[in-house]
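The following block contains the structure, expressed as structure tokens.
We call the chains A, B and C, going by the order they appear; numbering starts again at 1 in every chain.
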Amino acid sequence: MSRADIIFLLPHLMLTLGAVLVMMAIAVRRNHFAVYVLTCLTLIVALYFLPKTASLPHNVGVLFVVDGLGVFNTMIIMLAALAVALMSYAYFDTREERTGEYYMLFILATFGACIMVISGHFVSFFLGLEILSVSLYGMIAYLRKRERSDEAGIKYLILAAFSSAFLLFGMALIYAATGDMTFEGLSGYFSAFDELPILVMTGVGLVVVGAGFKLSVVPFHMWTPDVYEGAPAPVAAFISTISKGATMVLLVRFFLAIDGFRFPVVLTIFTVISIASMVVGNILALRQQNVKRILAYSSIAHFGYLLVAFIAADELGVEAVNFYLVAYFATMLGAFGVVTVLSHPERDAELLDDYRGLLWSRPALATVFVVTLLSLAGIPLTAGFVAKFYLLASGISTNQWLLVILLVVNSIVGLFYYIRIVAVMFDSAEEREARPAGYVGNFATLLILVVLLVWFGVSPQGLIDVIRNLVGVG
Amino acid sequence: MIPIENYLVLSATLFSIGLMIVVIKRNAIAVLLGLELMLNAANINLVAFNLAHPERLDGQMFAVFVIIVAACEAAVGLAIILQAYRVFHTAVPDSISTLKES
Amino acid sequence: MTLIAFIGILMAGGLLAWIIARWNETLSRWIALTVVLIDLMWSVAILVSRRPDFSGTDWLIRFDYPWIGRFGIGISVAADGLSLVLLILTFFLGAVSVVVSWREIRDRVGFFHFNLLWVLAGIAGVFVVIDLFLFYFFWEVMLIPMYFLIGTWGHENRRYAAVKFFIFTQASGLMMLLSILGLYFIHGINTGTYTFDYFELLTATVGTTAGRWLMLGFLAAFIVKLPVVPFHSWLPDAHSQAPTAGSVILAGLLLKTGAYGILRFVLPLFPDASRELASIAMTLGVAGILYGALLAYGQTDFKRLVAYTSVSHMGFVMLGIFSFNELAFQGVVMQLVAHGLSTGALFVIAGALYERIHTRDLSLMGGFWTGTPFIGFITLVFVMASLGLPGLANFIAEFLILNGAWQASHALTVAGAMGLILAMAYSLRIMRKIFFGPASDMASRMSDLTLREKVVLVPMTLLVIFLGLFPQHVFNASEKTVKDILGVVMRSQADAIQNANENP
């Protein structure tokens, strides 16, 4: 490993260093605030060491490809992690649990996600995914005295391990057929075929199954609502954004490398998954009374939408995926942020009734929630709209009219449940018990997220330029 | 020398057995065992097909990493199952249902 | 820049009014009123100062600024005579809405005015943008605040009405977005220029089948908004549940955006497909006229009644637009203005009555004329306007539309004219139920118009009479636009005939 390699991996090294420091800090003295500050500092330092654009791309051995796509997504993952960290402090501070180890798992999970987005090899793919997953088991089940947290943990554990096994076996099959594990090598191998041999096909299929669980797309979505409901709100935010986003980026990289959409089978599989996710996610969300479950189903539907751009797999498509991820991250973090702020120490604010009259009792918070919901629904002036527009554009430019029309129809279905939450917040306020005092970190995060949502909605060109510079294929 | 296809058959069989265990067994510990079996089925492939490329060691290296990962998963998994057992007095995930559709 | 300022002032004013209301609610109302009045006077000044040039220059005001370069989206706004007329109508009814809410809206005043001004900003935007992406953008911007207006300050069944309104318009709007994108890519692939610019897209060559589908997407948004039977079912709920200001804006302005959209976008962009669809569209228009009028007659809720008359009147617009001749087009423009004024005024009156007797139920009213002749007189004027009495603006409009439609289809014109008879029936029923007949218990609670209400209603009355007597002012302003649009359709027709002759 050369000096240059180390420089390019510095952000990731910083994260591992941070995890170790947090662990040692806990050993010396348990102090929630100190650990929290240390976590935030780790993330900030890691962000600072992100490689400069001019020097990209750079291959670190065969394992990692530090290119624009990787750096951009490492950046947004770290920023999202920072937002989750800021929310987590208030959340865990009001709960009596031991708090230190959470941050260690948290940094490791972020590290895993960051590894995933720069991996160019099956080994780094799998290890990144596992570091993320195993840390998440702990984070989901972190509130040990809550039954629901434990149940969510055990469910996630079994399904995630199950999916990893599929993923690994898929990789092994592809390796068996090709004898190569680097994306670059596979790219050469795949380009030789017009039709995939059955062994490779099975392998790709199993990889899709494994990644599908992480993306929680239908039919691999069963765990999602339960885990979102049971996990602590900040952890749910983490799963719905960072974990899913990293997997998505990895899939983009993998399928771009093997040019997977040349093969009709692959195209069909993803089309079906996309349609099923949109439809099932939205339909099931309609009946929910639980805000966390609604967000869970909504995130399933959103990844169905996102697959439309993924399937397009051209320059516009990749741009669209990246833009959508940014918008989706900001939106979901905002939504879960509101849930976090409103949560009682005993129970997360997850029932629709918890939001009744919110617009009159806590107008600022409700405004944040309204903006995020509108962004999820894809209403103009929010980032969600431009993102959805991007998806439609990439879908139409590749003539996937079926997907595009279904996307629109589903957006309309989606409106029903987003508007229902907004409507509940409009109800006349009722007397409610006093809330725990607010934390500056929470409000600052939410404020920044809302500003970003509106900013990207009103003037997206800046972000588009950044994405095109870094990610642009051409 | 054993034909290379045989390794495939063996690993596929082991994988399927592991899959069956995960699906059929209700006890979480047994499920974890099944998962380990699935991971190791993949390992057989990785090691066996490395034979075709003796100049590289990527398959075997991966197998070593997978063993480590499997150990980690088992450790964390058992901890969570134990914790759940303390709360619910059962290690059968199906009989735990505080989370459901509302 | 002027046009951007129109919209910018409204948006900024909305924010300011929201913030100020924390300390002083009256000041917030004044800010809202001032902002709208500034826009109103400014736009009138432009109309007056530019009057001689209407036929000469292409666009009165034009402003372009790149926005999202990646997709060739620009902040492009421009106004011609038609836009300007509708802008003035927007600001006028906007001012009316602020004034009528003075007493009616007492809680969350700041947020109310924020929504009100942003709806106006959205509508004003729709009338002036010439970038299709931006058009969709403003199309949506006017929805959300409207949803809040209905959902928060509406009557007893407001939630249902608000959601229904939102879903209908949003769903149809997304269809339009699809079409816009389809057009964008078809043009982009053909020419290599990816842009949402209206003028550029006017030159797009679209295949016949693609053209049909794209047009249907656009049309979906507009006929839901207009509304055309059978897509009208959101309208009676939204109109009757909205607060007075909301009803005025819905009936007076939001419906007009649908008609404007068809005139500005559907016909010029897809002349061939439009011609193919003309007979169906005209039939739907006539169906709307008759259906709306019949249902209006059966209503007991005053606001619901007026809502159904809107369906009927908008049927005329549909009939006129798809007759493709200048007379009918001019009639349509006039109808937009006249209907905005007369229906707006009827909703103001409904609001005034509701404020006094707390009901909209016609069967509980009666015999109000003796106690409150002034309200009675004003209502009479607008009811007469609504039934198309000569001398008032609506008469000119409907007369021209029927006249123009006659050239396109005799049968449909006759059927449409039947609507006028039905209009007579329901209009007179309004007068009889509210002002004549035996005095109800409510009569004692009635008081005549306050000064504030007079300030609103008297100018509206004068305008309706003025436009009825001197309609030429509106025609002058819109003549150029109307001729241009008609020209595109006629050219397409000529081409089609030529093609048919060449390839028999």
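One rule holds for everything that comes next: a residue touches a chain if its C-beta (ideal position, glycine included) is under 8 Å from a C-beta of that chain, and two chains touch if they have at least 3 such contacts.
Remember, it's a predicted structure, so these values are computed and weren't measured experimentally.
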Item checked: Of A-C and A-B, whichever chain pair has more C-beta contact pairs -> A-B
Next item on the list: Compute the centre of every chain as the mean of its C-alpha atoms, then state which one is farthest from the centre of chain C.
Entry: B
Item checked: Chain centroid nearest the full-protein CA centroid -> A
Next item on the list: Please report how many Å separate the Cα centroid of chain B from that of chain C, as a whole number.
Entry: 65
Checklist line | Between chain C and chain A, distance of the C-alpha-averaged centres to the nearest whole Å | finding: 43
Note to self: Distance between chain A and chain B based on Cα centroids, please, to the nearest Å.
What the structure shows: 25
Next item on the list: In the complex, go through chain B and note every residue touching chain A.
Entry: 8, 11, 15, 18, 22, 28, 31-32, 35, 38-39, 41-43, 45-46, 48-49, 52-53, 58-59, 61-62, 65-66, 69, 72-73, 76-77, 80-81, 83-84, 87-88, 93, 96-102
Checklist line | chain C to chain A touching residues, read off their complex | finding: 67-71, 108, 133, 136-137, 140-141, 143-144, 147-148, 151-152, 159, 162-163, 166-167, 170-171, 174-175, 177-178, 181-182, 184-185
Check: Where on chain A does chain B make contact in their complex?
Finding: 122-123, 126-127, 130, 133-134, 137-138, 141, 144-145, 147-148, 150-155, 157-158, 161-162, 164-166, 168-169, 171-173, 175-176, 179, 181, 199, 225-226, 229-230, 287-290, 293
Check: What residues on chain A touch chain C, complex-wise?
Finding: 360, 374, 379-381, 385-386, 389, 392-393, 396-397, 404-405, 408, 411-412, 415-416, 419-420, 423, 426, 459-461, 464-465, 468
